[in-house]
Amino acid sequence: MNVIDLRRDFHRYPELGFTEFRTASKVVEVLEGLGFYVLYGEDAIDSNSRRGVPTKRELDEAYARAIKCGANLEIIEKMKGGNTAVVGELKGKKEGPTVAFRFDMDALPIHESNDEDHYPHAEEFSSEFSGNMHACAHDGHTAMGLLLAERLADREFAGTLKLIFQPAEEGGRGGYAMSQKGIVDDVDFLFCSHLGLDLPLGEVHGGNSKFLASSKMKAYFYGVPSHAGGTPEKGRNALLGAATALLNIHAIPRFSGGTTRVNVGILEGGTAANIIASEASMVIDVRSDRAEIKDELEERVKSIVEHCALMHGLTSKIDIIGEATTIQPDLELVSVVLEEAKQIDGFTSFKEDCDISLGSEDASFLIKRVQDRGGKGTYMNIGSPLPAPHHHHKFDIDEAVLPLAVQLLVRIGKRMLT
Amino acid sequence: MNVIDLRRDFHRYPELGFTEFRTASKVVEVLEGLGFYVLYGEDAIDSNSRRGVPTKRELDEAYARAIKCGANLEIIEKMKGGNTAVVGELKGKKEGPTVAFRFDMDALPIHESNDEDHYPHAEEFSSEFSGNMHACAHDGHTAMGLLLAERLADREFAGTLKLIFQPAEEGGRGGYAMSQKGIVDDVDFLFCSHLGLDLPLGEVHGGNSKFLASSKMKAYFYGVPSHAGGTPEKGRNALLGAATALLNIHAIPRFSGGTTRVNVGILEGGTAANIIASEASMVIDVRSDRAEIKDELEERVKSIVEHCALMHGLTSKIDIIGEATTIQPDLELVSVVLEEAKQIDGFTSFKEDCDISLGSEDASFLIKRVQDRGGKGTYMNIGSPLPAPHHHHKFDIDEAVLPLAVQLLVRIGKRMLT
Amino acid sequence: MNVIDLRRDFHRYPELGFTEFRTASKVVEVLEGLGFYVLYGEDAIDSNSRRGVPTKRELDEAYARAIKCGANLEIIEKMKGGNTAVVGELKGKKEGPTVAFRFDMDALPIHESNDEDHYPHAEEFSSEFSGNMHACAHDGHTAMGLLLAERLADREFAGTLKLIFQPAEEGGRGGYAMSQKGIVDDVDFLFCSHLGLDLPLGEVHGGNSKFLASSKMKAYFYGVPSHAGGTPEKGRNALLGAATALLNIHAIPRFSGGTTRVNVGILEGGTAANIIASEASMVIDVRSDRAEIKDELEERVKSIVEHCALMHGLTSKIDIIGEATTIQPDLELVSVVLEEAKQIDGFTSFKEDCDISLGSEDASFLIKRVQDRGGKGTYMNIGSPLPAPHHHHKFDIDEAVLPLAVQLLVRIGKRMLT
Amino acid sequence: MNVIDLRRDFHRYPELGFTEFRTASKVVEVLEGLGFYVLYGEDAIDSNSRRGVPTKRELDEAYARAIKCGANLEIIEKMKGGNTAVVGELKGKKEGPTVAFRFDMDALPIHESNDEDHYPHAEEFSSEFSGNMHACAHDGHTAMGLLLAERLADREFAGTLKLIFQPAEEGGRGGYAMSQKGIVDDVDFLFCSHLGLDLPLGEVHGGNSKFLASSKMKAYFYGVPSHAGGTPEKGRNALLGAATALLNIHAIPRFSGGTTRVNVGILEGGTAANIIASEASMVIDVRSDRAEIKDELEERVKSIVEHCALMHGLTSKIDIIGEATTIQPDLELVSVVLEEAKQIDGFTSFKEDCDISLGSEDASFLIKRVQDRGGKGTYMNIGSPLPAPHHHHKFDIDEAVLPLAVQLLVRIGKRMLT
């Protein structure tokens, strides 16, 4: 296997969160081919804990498309409904710790550029799934994971290697559900990583403590329609409830103990000028650099939604559609990463942490689960310069980072599995 | 007794709702002097059902002032706490129906004009209680009631005459509490009346169906103070709750079945720029020409207040501080009023009902109580031209209406008590 | 021509407001065939005064569809862009007044029922344009208008007959624009009419004064997007402006001089949880039984929208997308209608006005234009029982009303054209 | 003079901002007695630039009270209207730089404790002006300033000593106005200081960069009253405008570039339940650790207030009633402070800056003015343990700090004036 070819293959077939049927099918095939014991479908993820699952129609269309593009029917049959998580396990020849690496597989709903200066287009591996695009390097992550599997497939190590291929990282939708399935409960050391960040090629951060805890929610208001001219008093106005909630959510106070962010990003409701709106919904994002503040923001949003509904005789519900927590990298693993990186030609700049907030990351739930059970974890950044920012339709990585990253993971694996 | 002298005496000593100690004391003395059986204090009103009772300090000051101005100590001792209602009963020499007349006694918090063209000032009977004024003719009403008592004191009638002197009509605060005491439960016919309305002298309306049901509420929001710069998240902001409630109360829908009115007339809260406000209150007025719509408006206000508080972690309470319902005059009594009026020189214009809304009137609760028990009631208007509107600091009635009105009530009493 | 056949033909091809290409083409053909002088396209309507014009795509699709279903290419070429109004004029053999009749032609965006008990379905003339339906009797109106044309085509009358076929009555979008074109400026008497209303067959109302003036508006708020986590202060939040406007529009006060209705029926804005929403729009409906109050409501809405935008650094615009005014039928014409109806077997119940509000009707602008120039107008109701209400997917009229209605219009025409 | 006696004298007669007639009179007398050239009244402050000036009545009462308590009539005559600033200047025997020290003189509207364990009470120097109290150590500051004057009165220095006695520091009301008068425009070095902060006795901070820029505003909304039952549409509802502004001010976004605080601390409006409120006001506080963000918050508040008024047909105005900016101490002066403190027995702990935010301080405007003209400034903290926090009714300082502080200022003065 060649990591660049693999990356280009995944790039060509970008699949949104929980529809990574083709991607996950490939992953399963490779891992099984290498002798891994592979869990997937509902064996790898707690289906009910998933956030923001696509509609049945979206799932079905992606499923059919995956089949056309080479997914293994027998495998994806078990992933129906979007349980596209994969966990591969390989026992070494000796006893030892369980060391896990986590990779995310999903793409974004972005139309990829077809400008001549966009490398994937010029090299003819740009997206064949119009409207979707790997614009956050998860194609590279998945490829790295498979190369790591290949390089350790000889089982010349002590302990157990666990490779976690996670769906639906974007929006914070899959990590929590994999953690809830217990798939990291036996893990002693967990390494997560991200490529890119517009860092210089050769720069590595052993940890990243700057992710914000976040929660994305969708709130629904249900009222009673009525003709606004004829009998306005018989309506129960969902838009009054929703508009009031929007204002009051934005008025949630600042917190002295940490940074906070609050936003109602979408509000929709009503059907006609002269009908009292009987349904409305809004999508809300709250964040903080402290997990407990994020939790309090979430509680305040829930209370506002509930009572804004009740005050107008409405019912309401609120779903968590995405979530992430903070990450506190274990310094021991941070050191391991940096020490191993220093052994590799091509890595030239080494930092323990990064300076800037990278948004949110739901590998945080996997790391937290490991740490809560006494294990250790970290999240490393492996730099690549970028022609355009993450999530941009001209995003791309410098493919030279891929073999470097594989080397780093292999070294970490071999060192820890002793 | 002379009705004009009496009216001027009451005009000189205007007492606000539930502080009519001197007025009520006079009424009790006169009625007892005429041989009436008189109930007063808690015997005449259900103390706990009163709305908008003044503060203890206000009550005490008015009490002390009343003593200085001639109130009978022994009598007002029983009225302490503001139970200033009086009911006088006189049995005729024969059996017969119970016929009641109701008069209101309270004044308004208005500084009476001392312009030369203001008749009470020119004639030197203007208010001696600075800041209070009889600007709604209740001085005349009370005087009429006592003259009626005198003219029927010979007991030359069949049945029972009942004279009801009500405190705190302004704001709708005393009528409900007297009705709750049961003082009209034995009444067969109840006549209520109002002077003035800027109708021509000599015009009488046998009934008045135009009063709006109304409810005045005071809502309180209780939160937690906190330094707005230091720890804003520790506060629970009463002003956020109150402002949200204000907007949503004003957004209560129109009703297809009747006229509605909604107003938050006062909002107050907070102590300093940099403190999260921990207390706020608002005063709310809802009205409708249909009592059941008024009730629904009241319920909607309560729900909005409760949930606007809860959404911000506040507690709340809401008090009814004034109330009135609608009046449906019984046509039989309307006819009686008009027939008797036609027998009196000076009455020249006769209508069954009036055209315009007069606001609200809490005699409505007494009439409703009588009607609910099978009796009949009406509310008559006895016209007087006015130099300035009701509740104006230059309001006055043409005193010529007073002897006419007394004649009318006496004729009605004699006719019904047969 | 047979009125029932014609009605069924129009029923089969229901076209939404400003897309009545096939319908209007038929009307032009018939009127020209009968010798009328026919104005259509921009000769019959002030294109720029139209409200709520469909998108170019909608217009183009409807245009193409009309061609397939028999529209006359040469005729509808002149109606491109949705100028689907038609006015036919016929001079009698003698001088005399100008007498106009107005008919509306548009259908509704409703899926017609295909239940067996739905008469148009059972008789096989239900809609062939899926999603559109004649659910307000305009198919009948148009058919009546053509029969009237035929019956008076012999020109045996004095004066000028003017037949107005209006597009886009639903939502109040076409009437104003025809009035602005001046097409009724020479009219002495204008008769408008509606079938149905669930009145008994045989009932006629000579006038209808109960329509509410109404205005439908669409408001747009334009801000600046920004990442809600990264740089919230750089955004200008369109949803904050829109939600604030929604609450304050609903808080517009009641009016003492007339009935009011205010509703924000639709609110939509934003693109993602973590993006400050840069665009939002809302659809608003205001109504009153007094045109000047409707105008003031409209002004208040505009002021609220403008300033809610400005307070958050947004721009805004507001379009009138539908409008109607009140109708005061001239009693002289009301009498004419009733007198003529009484001459026709089948009409059995006669009223000058109707009791209930029928919503809004933009023939009001045509009647007002005539009256403003010294002419007279009325709006008559011609009863038919209904299996389901107006705008319901099982709406239908009793076709027996059609020949009766034609007779009535013919008699009115002949009487007035003398 | 004894610094403790002086402090107790000032403590006994606490005067609120802009009413420090007695205090300032004493200061003038002492400074003039020592040979200083003294500016006061409108010579020392730009009267029109003052924020939150008391009412005429408050000024007059305080003025009369000051006379009774020993103020010099001739002096305070010049301070009428609350121009209670004093600046004393003393030229040394040689040429040299201008070195200024600033002291604040005002007290707080707090009822001082009369508990036995409250030292000023036990020692019988507690407030004689009921309701006012020196609860922020300004009594000590003023005393320190006079001792410094005495100790340098021999003019054995090079350059000019300038002593600034500022009124109305609380609420940020006097500092800006003194800076606008230009009284520090010739200053080369400006030293400001605060006692207390519950630091250990003996701790000194050479600078304090943690003050927040802040702005306190009072917003007024003016509408039109109307009877809420009779003619609600004729009112222009000031409370609707104010409540909408309150919500939207609280919804001002977080800023990525700095800490922000926003609070509406007081809202008041309306007169009666059934009157559309025609007046409302609110008091608003905004803060940031960056002056330019504070300015933007202020602009956003102004825009919200203006447009919330306009949307409901109201007028509005907004006054700045208090203001402070940030302080960036010059490291050169920070070093001077610490070096001199180290020479004094009793100072034992030395820091360049403090850790915590101390709220806001309007000496910031004086320091900024000096720095903008090329001079240098700092704000030092001189520690004293506290029995109760600043602004508490049992606040007190350990008087042992006073002679230490005087020594420090004297040393700084002598060092700089060379």
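As written, the chain order gives the labels A, B, C and D, with residue 1 at the start of each chain.
Keep this in mind: a contact is a pair of C-beta atoms (placed from the backbone, for glycine too) under 8 Å apart; a residue touches a chain by one contact, two chains touch by 3 or more.
Keep in mind that what you see is a predicted model, and the values were worked out from it rather than measured.
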| item | value |
| --- | --- |
| Most distant chain from chain C, judged by the mean position of its C-alpha atoms | D |
| A-C against A-B, pair bridged by the larger set of C-beta contacts | A-C |
| Distance from chain B to chain A - Cα centre to Cα centre, in angstrom | 68 |
| Intercentroid distance (Cα basis), chain C paired with chain A, Å | 52 |
| Chain C, residues touching no fewer than two other chains | 230, 232, 237, 240, 244, 247-248, 250-251, 253-254, 261-262, 276 |
| Complex interface listing, chain D residues touching chain C | 230-235, 237, 240, 244, 247-248, 251, 253-257, 276, 296, 303-304, 306-308, 310-313 |
| Residue numbers on chain B that touch chain C, as the complex places them | 247-248, 250-251, 253-254, 259-262 |
| Footprint of chain C on chain A - complex, ascending | 212, 214, 216, 228-230, 232, 237, 239-240, 242-244, 246-247, 250, 261-277, 280, 283-285, 287, 321-322, 357, 359-360 |
